[in-house]
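Multiple structures are listed underneath, in structure tokens.
One chain, chain A, appears in both complexes that follow, with chain B as partner in the first and chain C in the second.
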Partner chain A sequence: MKTENIEKIKKASKDLPEQWLLLFIVNAKEYLETNMAILKEVKKQEDIGGIYITLNRPYASLIKILEQNNIKTDNLFFLDCITKTVGAEKEQENCLFLESPQNLTQLAIAIDEIAKAMPMKNKFLFIDALSTLLIYNQAGTVAKFLHFITGKMRVLELKGVMLSIEKELDPKIAEHLEQFVDKVIDLSE
Partner chain B sequence: MSSNVEVYLFYSGTENPHILKQYQEGIAYLHEINAKLQIIDIDKNPEKAVRFKIVATPTIRIKTSDTDHRFVGVTDGFKQLLLQNVHGKGVLHVLGFKEGRELGKTLQVDMDNREEVERLLREELSPRGFYEFKLEIYKPNVVYVEASLIPDEMVEEYGKSKIPAGFKIAAFLGGIFTELFKKEVTAEETQSMTQGYEKCVFKIMQKEEPEGEIKERIRRMMK
Partner chain C sequence: MSEEKISSEIEKQLKEKDIVMIILPKVKYSEKIIDVLKIVAEYNKSICYVSANKPEKTLVNLFDVNNIDLKKFLIIDCVTGSVAKKEEKNMATVFISSPRNLTGLSIAVTEALDLGIGNVFVDALSTFMVYEKGLVVIRFAHSLISKIRASSSKGVFIVLKDDVSSVLLDDLSMFVDEVVEI
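Showing the complex of A and B:
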């Protein structure tokens, strides 16, 4: 990954309000590497725990990658929206397997319930990736979901990171999102 | 991710003389993604066959950042096998769904006309290697479809699978019907040729878990 992008990630996490929401536009080729760098930066905060929504990579595969990147997972809860669509899941103590990436009501309920039950002082929501939500859902449905979820995040005092692969983000959604997020960080160049 | 992929092809020049030609498409794909590729003729390198414990040819070893799998006796569908193992099922599902939506956007049909929907999809799917598409059950008013088809190639055909293996085809159909119905739908394979059935059957519907059940599962997880 480019040093310039690492600097951009570090810079993005400075000078933020108490509750913040960041949108990272990521290059598809460097997606995994960038994703890990952003998560590491977010987890640097004291007494922080998070909800990781995975839409591309099954929990079993993701957890191995996090371990390889020395990212501790004991303070993370996973919402896996993909495993059930490609095969059978094995119950995990820190992962909830949701029916599909189309079921946004289920996803919203899960975020709400888990965030309320998390004991940490600082909490974050990590959406990997927003562009995948747009593949499985109509743009209007995703827009409504984001409107609801960003409001909910403020109420639940959740910090937020949304990742999106460049070019796959609907321009209308991008415009809509800019109203809700604190910063848009473009790492796609 | 691609740079983390290592693929080893073990073959016997005398027993599988044409195998590299059959693997041509997959080999080109590996070059395209800058994967590390080693092609080993065990007749010329018997010591490598011993070191890597090769008991039959051809053997393919695909190593990624989180998996390390071996496949023995693969002759067809090498590229499909690579796609599944290199990218993982999750990414393939996403790509299949995306591809389906792109196709669905180009189609115009009266969804209440079952014959027309079936005819159009049969015409569109055949050139893509999915034959004899048929709407087994079709209830557009409640967004429920059961459809069957015969794909020309399935990765899992090498070892008969106990569970349906056509998740990418299911994703592709899910994407098509998302556009046709203009609604979010899920699609799953309910019976597969890899299980010994004569054709693959897919169920396309709107799926929702009751709120109470999801809350109960969360409560158990957060205990």
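Showing the complex of A and C:
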């Protein structure tokens, strides 16, 4: 990953309100590496806990990747929208297996319940990735979901990180999202 | 990148990563697919070969000519159709009625994974896009990759560069562990 992009990640939340919402536009070829770098940076904050929504990789694979990247998972709770679609879920203390990436109502309810149940004051929501929501849902539905969820994050005082692949975002959604988030960080170049 | 460097890069990624997507230009497809297959055959005890481009008969000849061990392979043939007779070789084959039958293909791969197959080799994902909409194939690939991961197996997905839009390639890149573009 370019040094310039590492700097952009480090400075992303600078000069923003405490409960910031960030949208990262990521280069597809560096997607995993960038994702890990962003998560590491967010987790650097003291006594922070987070909800990680995984739409691309099953929980078991994601845990393996996080370990390989030396990212501790003890303060993370996972909402896995993939594993159940292939019938491979095994009960975990820090993961809830949701029906599918299409069931946005279930996802919204889960975010609300888990965020309220987390004991830490400093919390974040990590959405990996918006692009996958668009593979499984219509653009309009995703736009409404994002409007609802970003509002919910403000009310619940959650920090927010959303990832999207370059070129993937529907222009209409991109326009809306720019209004919902505090900053868009383009790491695609 | 020189031919030698390309081969060593492919070998490195196939050894280290679970799910690899290899993007080939059409002009190099026939030559490179054999190179990749040889590496996969060397490092895996059992391979499920999903063939969307060549019928089983052609594959058998190709494997013979290139000294690739047939005994390691379970072939899922999406080309020949259900009417073809099984080739009398030391190789297991499952016939799928057509490349459009993604449900049948998904069931066949799941059964192969249940048998403990170590690697699923899809040749080529882009061919399914001739028969189905891009988004349908992307969802299918995502499901297949999740099944492979859940079975702790490995996967190699061949994609022909000119056959897939850059947006769909970006989607696929998100699901795999490594993308090797030749």
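Note that in this section the second predicted complex is superposed on the first by the 188 of 189 C-alpha atoms of A that agree within 3 Å, B and C clash if a C-alpha of one lies under 4 Å from a C-alpha of the other, contacts with A are read in each partner's own complex, and residues count from 1 in each chain.
The rule we apply is simple: a contact is a pair of C-beta atoms (placed from the backbone, for glycine too) under 8 Å apart; a residue touches a chain by one contact, two chains touch by 3 or more.
What you see is a predicted model, and the numbers here were worked out from it, not measured in a lab.
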item: Combined model on chain A: chain C and chain B, fit or clash; value: clash
item: Contacts of A:Q138 with chain B and chain C, given as first, second, both or neither; value: first
item: Contacts of A:T105 with chain B and chain C, given as first, second, both or neither; value: first
item: Touched partner set for A:P58, first chain B, second chain C, both or neither; value: both
item: Partner chain in contact with A:I165 - chain B first, chain C second, else both or neither; value: second
item: Chain B versus chain C as contact partner of A:L76, first or second or both or neither; value: neither
item: Touching partner for A:T85 - first (chain B), second (chain C), both, neither; value: both
item: Partner chain in contact with A:E93 - chain B first, chain C second, else both or neither; value: first
item: Which of chain B and chain C A:L32 touches, first, second, both or neither; value: both
item: Most chain A residues touched (candidates chain B, chain C); value: B
item: Steric overlap of chain B with chain C in the superposed model, located at which of 44-52, 134-142, 152-160 or 206-214; value: 152-160
item: Common interface positions of chain A, toward chain B and toward chain C; value: 29, 31-32, 56-58, 61, 82-83, 85-86, 88, 132, 135-136
item: Chain B-touching residues of chain A, taken from the complex the two chains share; value: 29, 31-32, 54-58, 61, 64-65, 68, 77, 82-83, 85-88, 93-96, 98-100, 102-103, 105-106, 109-110, 113-114, 117, 132, 135-138, 141
item: Residue ranges of chain A touching chain C (in the complex, touch as defined); value: 28-29, 31-32, 56-58, 60-61, 82-83, 85-86, 88, 129, 131-132, 135-136, 165-168
item: Touching residues (chain side chain C, partner chain A) in the complex; value: 18, 135, 138-139, 142-143, 146-147, 149-151, 166-167, 169-171, 173-175, 177, 179
item: Interfacial residue positions of chain B with respect to chain A in the complex; value: 1-2, 65-67, 88-94, 97-98, 101, 163, 167, 170-171, 175, 178, 182-186, 188, 206-209, 211, 214-215, 217-219, 221-222
